[in-house]
Amino acid sequence: MLAKTPPMGWNSWDCYGASVTEDIVRQNADYMAKHLKQYGWEYIVVDIQWFQPTADNHEYKPFADLAMDEYSRLLPAENRFPSAKNGAGFKALGEYIHSLGLKLGIHIMRGIPRQAAHRNTKIKGIDLTARDIALPNSICQWNPDMYGVNPDSKGAKEYYNSLFELYAEWGVDFVKVDDIAREFHVGEINLIRQAIDNCGREIVLSISPGASPIEHAEYFKENVNMWRITDDFWDRWDLLLDMFERAQKWCTHAVPGHFPDADMLPVGAINQCYSKDAWTKFTKDEQVTMMTLWCIMRSPLMIGGELTKCDEFTLNLLTNADLLEMLNNSWCARQVYRRDDTIVWTAVQKNGGNYLAVFNIADEAKIISVELTKCGLDGEYNAFELWSKDKSVLKETLTVNINPHGVKIFKFD
Amino acid sequence: MLAKTPPMGWNSWDCYGASVTEDIVRQNADYMAKHLKQYGWEYIVVDIQWFQPTADNHEYKPFADLAMDEYSRLLPAENRFPSAKNGAGFKALGEYIHSLGLKLGIHIMRGIPRQAAHRNTKIKGIDLTARDIALPNSICQWNPDMYGVNPDSKGAKEYYNSLFELYAEWGVDFVKVDDIAREFHVGEINLIRQAIDNCGREIVLSISPGASPIEHAEYFKENVNMWRITDDFWDRWDLLLDMFERAQKWCTHAVPGHFPDADMLPVGAINQCYSKDAWTKFTKDEQVTMMTLWCIMRSPLMIGGELTKCDEFTLNLLTNADLLEMLNNSWCARQVYRRDDTIVWTAVQKNGGNYLAVFNIADEAKIISVELTKCGLDGEYNAFELWSKDKSVLKETLTVNINPHGVKIFKFD
Amino acid sequence: MLAKTPPMGWNSWDCYGASVTEDIVRQNADYMAKHLKQYGWEYIVVDIQWFQPTADNHEYKPFADLAMDEYSRLLPAENRFPSAKNGAGFKALGEYIHSLGLKLGIHIMRGIPRQAAHRNTKIKGIDLTARDIALPNSICQWNPDMYGVNPDSKGAKEYYNSLFELYAEWGVDFVKVDDIAREFHVGEINLIRQAIDNCGREIVLSISPGASPIEHAEYFKENVNMWRITDDFWDRWDLLLDMFERAQKWCTHAVPGHFPDADMLPVGAINQCYSKDAWTKFTKDEQVTMMTLWCIMRSPLMIGGELTKCDEFTLNLLTNADLLEMLNNSWCARQVYRRDDTIVWTAVQKNGGNYLAVFNIADEAKIISVELTKCGLDGEYNAFELWSKDKSVLKETLTVNINPHGVKIFKFD
Amino acid sequence: MLAKTPPMGWNSWDCYGASVTEDIVRQNADYMAKHLKQYGWEYIVVDIQWFQPTADNHEYKPFADLAMDEYSRLLPAENRFPSAKNGAGFKALGEYIHSLGLKLGIHIMRGIPRQAAHRNTKIKGIDLTARDIALPNSICQWNPDMYGVNPDSKGAKEYYNSLFELYAEWGVDFVKVDDIAREFHVGEINLIRQAIDNCGREIVLSISPGASPIEHAEYFKENVNMWRITDDFWDRWDLLLDMFERAQKWCTHAVPGHFPDADMLPVGAINQCYSKDAWTKFTKDEQVTMMTLWCIMRSPLMIGGELTKCDEFTLNLLTNADLLEMLNNSWCARQVYRRDDTIVWTAVQKNGGNYLAVFNIADEAKIISVELTKCGLDGEYNAFELWSKDKSVLKETLTVNINPHGVKIFKFD
């Protein structure tokens, strides 16, 4: 089963926006292979506009000339990805990543390049052109590159099949398709699903941006491996606080193969395209809170920071084996209650035992008492705190001192 | 702990409306003691208007003269409850019920009798009268008996304390307070909570009618033992179907001592005040579905039918020990998905194992396949169906043939 | 035709609340006859709770004993209205008011006294009692005296007929029925309409409180003479400012016999039940604005202040014959535009000429230019300002200096 | 003053969609000059896509090559408008229309051609290109030709000025700007307003499509001459019925120079691009109702049918001098009431007298009585019906027999 547990990897967006280069990708892959792979981290994802030669930060330049083959398919910009020369695409990069025991992911936008429609270039495998399948009024609100494809048009299927045929040749293992989830373009998702199924390679399908509409939860669990539950997530407490509500709403939909996605982890050296000194604005406690919430709700984990600049705190944050065991082997996660500044979650460990997380969303440290019975825990327990590794015996009441915006997460046996 | 598991009992409303009599109550208590008590059934609840001498069905007669003591407190109508003569109240009835090993419940309306305000009768324990605490514009939309009490008025506390002092004298174990939950009268609930805490007797507090506002869920879990999540529930499929959504919304709030209440079970001989031949209009499958849903979501169970007329089917329905074990010892109930005509729930048995319920809400029998992995169950299991007692070994997929409006509920070990 | 032009009178509410007495009523009638009658003022209206012996301000005392006859009909409290002794009701007061050339109005609440239902008193003309027609859950939210009458019940028609039979005997010319318009009790309005038509006397029917629902505008124009378009209006600028929007919404519905009612004019000595020194908090400009808006939209005019304390400003405000000519003989009033702090209205004088009002809703004086063409006025005009009596000749543009919260209103010929 | 009364003309959309040709335009102008001009009809408007060589009906072909000059300005397609050869544009056509005593109107879309942005063509008068002012995510939902212009960008003003400089050269008298009113693009309207003011020629500014947002009514009255109050209007009763509500909402905003626009009159030979036999589906009564409503609310009148095919009924419909007198010289139009199947409007004739229109919206003929007093008409009148020319004397009540979906409109003196 593909994505039996939540996918874990690195993504270039938070640190490089639209401007990542091949060198950077390789360096991050090297780091992951050496320091993170043994904890389950495996995907290296090249985010948006690898086909745009002049991209240099998180902004998009309208009407830029994009690297494209004769069949209206975008190609890596050779000035940024030298190994893509002569139409080689991501093949060499994929081979390198695979040689490290890792997997290659790429980002694409729904649709066909606008320049293809205006230049009227060909579609592979059928005697039609971009104009025959492009919808002139189906555009992305925030990116200028593409027109949507009319899923009912002749040629639409051939176009999407030709894309994934190419990606399979390159050795792609993971595709993040953008502009397709919040505005729910079901016809194009169906074409992509079929194209993946037909391409001869196992590829994880991730869709963006969020918030994906919850009324389609069952559709997502049938057709995609992960779907965003939020717009882009950044290193701001208000966004992290807001995630508790989203997590509560979506947590029952995390099942093997299919996971609601709380978006990247903006930790460590993010925003490198603006400054080499840039660093996450989250406090350490907030980062611990984020990791704990993502793991108990079973969100995919995609690291947003430049890996080679990881400090000890960040590395520890990403390699807490006890926490990742919860990510991989728990179920029945639920918010038990939210009262004043306290949020309590529980989950069940499939191999025995339960988890209890106590979050302090106040701006000051708080001593918090939790009546275990009101969480459904009515016995006596051996308690193990996953971050401090402290052990205790508990009954009826748990009393903890928690830092501002912090958390304690216990395993109860 | 009071109500550590969901309260189970019998209530006079579905079969007798406002017109139940002492004889009937005693006969139902006798039946419960003999046939149901060993399964956990224990409460015998006298529902609305036991103080109204001329009540004869589910309707309320406006401006009727109600039995009342000098302190504005309603008393059992002596023509209907002979043992209440000479101001004895429910004392003798309570003693009888206790002698059977059962518990006595009564229904009350929020507020003070309108007739007390218009006659200006006294309040016990303070030199004030009904006019001092009654709110002329606080009425119940569907019952004409009471005015609300101003919780901030002098005398309000004394009035509610005097009520529960009386109920404690009578030996009451359970009070269902009406007209107080959907229109959320927090001031009066607080007074009642305090009056119970001060009365010297353990009394289960049940509030009605629903749907209680979910934004007060945490308040309910602090202050009441059960709260209605629906308006009156009757033997109609549309209402039962509707309960799945309510159950999904509320199920995480069922904890020891505090339970969302899906209302009475209209099974067997209901509506006896209209016809001695009246019988539930639910099919057998619908009744099994109802019992299964109530038990997996951990709703209190209150039988609505005349017990002495129970047939074999109904008795079996109410005494499925495997199902009641789930009611009492499961947690983490959740709706896994609802797709077309199938609804799937899971829960975790605290002593080991999991439950999986598959409901068929279609009007025809259906063969339904459930991918166990998408329910979070990714191993091989010994499966036990709780109604048929069939056993099997399952992996990956469960395929079942389910009757229209029916259910199969498995324990997986 | 009754109420061919908007009714004009005095009402006791703003100055005395529920506590007005016969002496006061007579004194105000005397003043009106002497100073106001020649300008068209004619109604003297006794507002709410003339039947409550202990009323002393704008508050209502719950469960008070009300003066009532054997047929469940409320009577004037004899301690407050001495001439009502021996069941004489308002007959003597009416005769006095008529002797002055004025007309008598009274306020009533929809429904039947609660005390009648609880005491079970008779209904005139049919062998039924108050309990047979009272609705226990139909109450007024802000007054504790009455239960609504079930318009479909036997006896409802007889009850309302008996009321207006009595009022006709008393010589009542105007009835303001309360608790019946905003919560639109059409069944009871119909019974009142019929009772008036059957009572043998012409009685203006005014209904309260507002805002009356505009979807029933056509019903009002068929059945009542005036209906409130607002909740109680007081001497606050925010309420006056808000009236422009209400006036705009309702102005097309003012026709002979039927007028949207902007409520009383809180001018001069209001709130006399609290202090004999109390005075309107409106500035003079605001009062001029109010009078102008009421007159151009053709609202009924009911003076709220104690008449005997009128100062010169107030008397002039109420006796501007040019303005009252607009009230009585204009039509087609409309808000032309509202832009920044300027509101412009026009109306057509039936006997020739047009009106143009320019309101300054800013908190400072403003010089305002109005393009006459954009108001539909594209000729050259003789302009007459109705408050200052200034004359000018105008074409294309009007430029005026207007006080804060003030107005200039021109007649254009 | 430009457009002192509502503009009257012919527009090619209803009969030819995007496909009108020069020959057709000239023939319709000839007809208007001969048969309609003396009644006030004067504008000949060439509607959408005169720049698209292959347009042949009401549909738009995406990504078509449009006729365009070097400065990104669209030009008439020479195959359709032969006199436009050699960059002459509409100059010759304008001269011809002016020679008939008529005026030339053209339709344009907000924005700059998408092909200009993708080809990166120049902007006149500044050293910038289309890419510098085009907004890639500002598109029209229903037409594929243009990108919106960023009103804050350098070059935006020069671009719009260059357009109207060209139109002034062509002799254009009327511009209908589309995709700019319902989605209210205030920045681009402002640029167009300024471009017109600077172009040295008086040009009526009409904006589309509707419904224009009423919260901007004052803006429209300052900046544009006519603005649509509805989406495209066609020959369907439901749309006509719906117009009463729109007319009621907007009628107070019709002032000299500025008129709410109820859209074209789909009368006579419409839809000629599909069939030369096509004819309006409106009944004769419905057409009379439409003309009456448009005239009493003072909407601009744009004929939608091929003029050369006008039959006698249609010609009479368009040349009722009494009705057009109301269009040109009335004010204070208002809906008096809508009750069951009757709608009544009044207006005031500036030169004396009033109008009263009685519409029957029922599907059967009805005898309708109108109480004149409830319309504000309380005298005795000489009545003249504008369609039948019948005369009568009326007082208090008007009783008329009206055809299904028909109207009678009286002038009262």
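For this structure, a couple of remarks:
So that you can tell them apart, the chains are marked A, B, C and D in the order they are listed, and the count of residues begins at 1 in each.
Criterion: contacts are C-beta pairs under 8 Å (C-beta built on N, C-alpha and C of every residue); 3 or more make two chains touch, one makes a residue touch a chain.
Because the structure is predicted, anything quoted here is derived from the model rather than measured.
The fewest steps needed to get from chain B to chain D, moving only between touching chains, is 2. Chain centres computed from CA atoms place B at the largest separation from chain D.
Centre-to-centre spacing of chain A and chain C amounts to 66 Å, using the average Cα coordinate of each chain. Taking each chain's centre as the average of its CA atoms, chain A and chain D sit 52 Å apart.
Chain C and chain D have Cα centroids lying 45 Å from one another. For chain C, the set of residues touching two or more other chains is empty. Of all possible chain pairs, the ones that touch are A-B, A-D, B-C, C-D. Taken together, the chain C residues at the contact with chain D in this complex read 1, 4, 217-218, 221, 252, 255-258, 331-332, 334-339, 346, 348, 373-376, 378. Looking at the complex, you find that chain A touches chain D at residues 62-63, 114-115, 117-118, 120, 131, 134-137, 139-142, 144.
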